[in-house]
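These are the structures, in structure tokens.
After this come two complexes, each holding subunit A, first together with subunit B and then together with subunit C.
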Partner chain A sequence: MSSRCRARLAALAALALLSACDREERQSRAQPVPETLPTPRQSILQPGVPARTAADPRARAYENNSYQMSQGQLLYQKMNCSGCHAHGGGGMGPALSDAEWRYGGSMEEIVATIDQGRPNGMPSWRGKLTEQQMWQLAAYVRSLSAQPRQDVLSSRPDAPSSTEPATLQSRQPVVPSSPAGVQGTSR
Partner chain B sequence: MTGGGGLQGEQFNRLFTLFMGITGFFYVLVIVGMLAGIAIRGRAAGTERGERLARTALLGWIAAVVLGLTVLTVGSYASERRVSAAIPARPPLEVQITANQWWWDITYKNAVPANELRTANELHLPVGVPVKVTLKSNDVIHSFWIPSLAGKQDLIPGRVNDLLLLPTRTGQFRGQCAEFCGTQHAHMALDVTVEPVASFRRWQQAQLAPAAPPSTPLAQAGHDLVMSQQCASCHAIAGTPASARFGPDLTHLASRRSIAAGTLPMTRGHLYAWIADPQGVKPGNNMPYIGFDSAKLHAVVAYLQGLK
Partner chain C sequence: MKKQRLVAMLAAAAALLVISAIAIIVVRSRAPQPVAQAPLTPYAGSSGAVTARSVGDGDDGQWTMAAKNFASTRFSTATEINTANVSRLKVAFTFSTGVAKGHEAAPLVVGGTMYIVAPFPNNVYALDLTKPGAPTKWTYKPRPLSAAQGVACCDVVNRGAAYANGRIFFNTLDNRTIALDAATGKELWQTKLGEINLGETMTMAPLVAEGKVIVGNSGGELGVRGWLAALDADSGKIAWRAYATGPDKDVLIGNGYHPFYAMDRGRDLGVTTWPPEAWKQGGGNAWGWVSYDPKTRLVFYGTGNPGPWNPEQRPGDNKFTTGVFARDIDTGAARWYYQTSPHDLFDHDSVNEQILLDMPVKGRMREVMVRPERNGYFYVMDRGTGEVLSATPFGHVTAYKGVDLKSGRLIPNPAMEPREGQVVRGICPSAPGMKDWNPAAFSPLTGLVYIPHNNLCMDWGSYEASYIAGTPYVGADVKYYAGPGGNRGVFTAWDPVRGRPVWEIKEDLPVWSGALTTAGGLVFYGTMDGWFKAVDQRSGKLLWQFKTGSGIIGQPISYRGPDGHQYVAVLAGVGGWPGAIVSNNLNTADATAANGWGVAMADLPQKTTAGGMLYVFSLSR
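Up next is the complex of A and B:
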């Protein structure tokens, strides 16, 4: 091997090593909000019409970030979501770790559910949580059914629970929300 | 070495001095013996006088080691006895300290639930009164350390540890988390005030009172914001609807010496800084950036400042 060739190989190896240096950004602060009152949002949910929420670029950003998901898990316990939904298995509120969604299981739809509340007993968290926190919660809620990428799942243990860690669960398909589900009549 | 503000600290210092004295003596002895050996060896080697000298030196050495170890053992036993004799089995004051990332939740236990006092990031202790401190953690392992009073003790999630304190001198001391617990570990301090029993009782009475009602229209507006906005999902203020326990109790916030576990001194300006952008002051902490406009900020700070 010529010395030029060796030098090139060394440079390539160094480049390959550099690519492993991509560290996750920890964003502790969402974008500042403008000093104006937000316009009131109205639920677009109507009987017979599937819940549709515009795609939001934040969805991917939050869902692919371990830190955000881990914060979501912290809030899930601290805000007592677990009081109604248990650790995903459901209680007074529906299970969140199954593949069924009454109001849709995308990041945007879950944020809308948390923000607006839902008629059969899900309180609205608007003004009680920041938007950033709702996105963090949505990312964690999706991890309960192993939707997000496996390598970003939170390693924080679910308090006193003996369920298998999310990192060991298998990926499940997303089931699109159905109008029938909205009325709670599916199956 | 710890400062001498508490019984354990003082005993520790005394033992440390004793230990230093004895080990220092042996250090010097070994060096002197070695030098003497080198000096004498050439002349006395092989003679009967030399052998007698070596035997005497060996016996002297053994005697010195036995004596030194005995003094150390008796010293540590005596100081252990002093500490346990001074602290009764059921100390009159019990404080429960729960560590959170990155602040301290403090509860003064009382048989009457209504007299249980809850505060955060500050510990007041009466001088000369033994205190039982119960230590818990809500998230990760932390360590409770007031260098002037006593040694460290870990706070472990799912376990209860305890520690006995007997402050012997009044003054302001600093406590600090002593086990790395995440990004803001360095900003997890505890303001400790050791004061005469009478002023401790006064402090306790003042802290047991519910929060002061807002006294100006601006503070009233701030009160309404705190109750209706995110704040009330995380903080408790006694005597108001806010009763969540995710963040520090704010009932008597303005009477404390610092904000956010020793991160900032308690001043009006720093309160503004904290509410306007907690993530700028203490990045990564669990209070979110909320984004108040200036009118709301003025109101909220006016209300918080009245929480004496």
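Up next is the complex of A and C:
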């Protein structure tokens, strides 16, 4: 084995370790918050050449962090998301654990849904939840369809529940099913 | 001068005579021979129960309110379609509402017109029955707020309209009661009664009597404070509104209030039987059925579950939720109240229909109301006093040990009591109850009550619910499954006098449709996979069935058409609480989907698809 190769391996191992730490990372100090929340497009039809929307850097940070996701899980119950969406299966609101998204299933789109509300009965949580909490919730919502990395998924619910832990679910593709869906939803 | 006027008057009178003669001829030619109305002779072996005399049936072939009459019998005196010929029943015409959500409404028929209220967005259609194919006469669109869909607990259903004095009255999901001119569909008035931002909706069918429109709100799963209101039928002005929780002055409890049992007596029980302030989001919604007795001028109705479901968050009896009220129709003042489930443990609302009957109890004819209750007991009550004469389980019950007829109290089974941090298993009946909202029918031919209902048990895990106005206030993860025998539904013919079933039909899926009885000896109901069935009232034998395009959760009706022939009509369109699995496209991998139906309804998407269609049947000729 050449030394260059060894160095590469070491670097890789360090990276793997780092990312493992990163998944458990907690923020002791609040992150600086940008001025506005993402407002994704509501249509895949874009006359002319479609412009590419830049992904929000926070999407990856929140989604690949099990602490943020477990905070999201807590909020999902405490803010009564579970009352309308059950544990992902849906009820008064649509299912969040399936492959169909009315308004897109990316982190940015879910945050926009929570922030702005949606016309057919999804409340707008602006002013009720902080931006950080919305990102945490979005990370948890995506875990309901097993989108995030397996090693950060929650393996148990906070309260007695009749549902399977997210780690046992199979990953549902994120495809916008309605014209209201948005392009570029899978990452 | 005088002479001239006289001549003019005579001419006018003559013209009138000619016109009415023409009218008579026209009517005659259209209705050559109305169906013979044989006098009702009960079968030998009838239970002896008859429709309450005070509400007189007066069947004229129309269907002017969801429950057919003030006694809520859902019995049609028409005999053209009967046990001998029902096998020849064929589709006469159909009509699509264009909505693929749960269709729980009863169509109305008045004169030559049929009226339908569809689920959200609650469009009202008038169909001209005098023309072939029943074309649309007019359409009225109330345009409710689309956000209302998010706070409707159990699909965006509507249970129907009511007709009186040339007007159609109905409720919208966003809390308006609207009066329309039945002839033109023109809006006469509308009154806003509630606030969707508090989680409030309206889904029930109004009852109209003595110039008052009686309506109530829904929202028991969102901590909405329940009420029943009476609106002036002419102006829409609120005559009175009686809350289900809070101080006596809000509940309209005064000197005339005389409940039969000590447990329901006291001052401000709507406050004192709750933890401080909890009554303000305590539920008790009047989203079900109202009956009326003109002799005593009393309206009867029940109140829904207390909020939240988690009982540990609301120690006390939680008055006046899950109970039955008798109120004066003029003032709303409560005459009596009886709590069917004090400190409700299992979402066992008390909103089911009360059928007003006169029947022998221990050898003496009594004026009663009978209630196939969600908690699993068939109640026979004195409708004058609220005394429980009997309470008999009509299915498998593990949640309770019976009803103590001395104190009137339901006795819970301590082993089944929900506790936070623990999952209690094998609770029967489940939260949707032995029977949910879907109404039973009574037949004076047999004296039996025909009950469409469930055979479901559940697992229940409580957790602390936080109250955020306009969002669910439940605090329980529940999971329903079939009870003993494995069938999820049952259709039972119940003898109210002897307190026992006469026959029953096991249905695979929960029976979520209403029932209809006719003097032809038939009883009709539908299944969630779309079979519309006619059964012999005496034997329970299936005589005819037809597969509709989507599951049936509506209320069948029967009427005499302008051609003099008998018709049977029903709305098909799966949805409602269990059917939301299909109509809202839910994911059944989650057992708690639709508040607990995920597992119980996992096969429904294979058995039916969403839709919304009226089917009208008559004998093939």
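Throughout what follows, the second predicted complex is superposed on the first by the 124 of 187 C-alpha atoms of A that agree within 3 Å, B and C clash if a C-alpha of one lies under 4 Å from a C-alpha of the other, contacts with A are read in each partner's own complex, and residues count from 1 in each chain.
Simple rule for what comes next: contacts are C-beta pairs under 8 Å (C-beta built on N, C-alpha and C of every residue); 3 or more make two chains touch, one makes a residue touch a chain.
Only a predicted model underlies this, so the values are computations on that prediction, with no experimental measurement involved.
J.: Go through the superposed model and pick first if A:74 touches only subunit B, second if only subunit C, both, or neither.
T.: It touches subunit B, and subunit C stays clear.
J.: Contacts for A:88 in the overlay, against subunit B (first) and subunit C (second): which applies, first, second, both or neither?
T.: second
J.: A:97 contacts which: subunit B (first), subunit C (second), both, neither?
T.: Second partner only, subunit C.
J.: According to the contact criterion defined above, which of subunit B and subunit C contacts more residues of subunit A?
T.: The partner that reaches more residues of subunit A in the superposed model: C.
J.: Scan A:119 for contacts with subunit B and subunit C and give back first, second, both or neither.
T.: second
J.: So, does A:56 touch the first partner subunit B, the second partner subunit C, both, or neither?
T.: The answer is neither, since A:56 touches no partner chain.
J.: Which positions of subunit A sit in both the subunit B and the subunit C interface?
T.: Subunit A residues touching both partners: 78-79, 128, 160.
J.: Name, in rising order, each residue of subunit C that touches subunit A in their complex.
T.: By the definition above, subunit C touches subunit A via 146-153, 221-222, 421-423, 459, 461, 463, 465-466, 468, 470-474, 477-479, 580, 584-595, 598-599.
J.: What residues of subunit B sit close enough to touch subunit A in their complex?
T.: 139, 158, 183, 228-230, 232-234, 246, 277, 279-280, 283-286, 288-291, 293-294
J.: Please name which positions on subunit A make contact with subunit C in the complex.
T.: Where subunit A meets subunit C, its residues are 77-80, 82-84, 86-95, 97-98, 100, 119-123, 128, 159-164, 169.
J.: Please give the residue numbers of subunit A that touch subunit B in the complex, ascending.
T.: 26, 28-30, 32-33, 35, 71, 74, 78-79, 127-130, 132-133, 160
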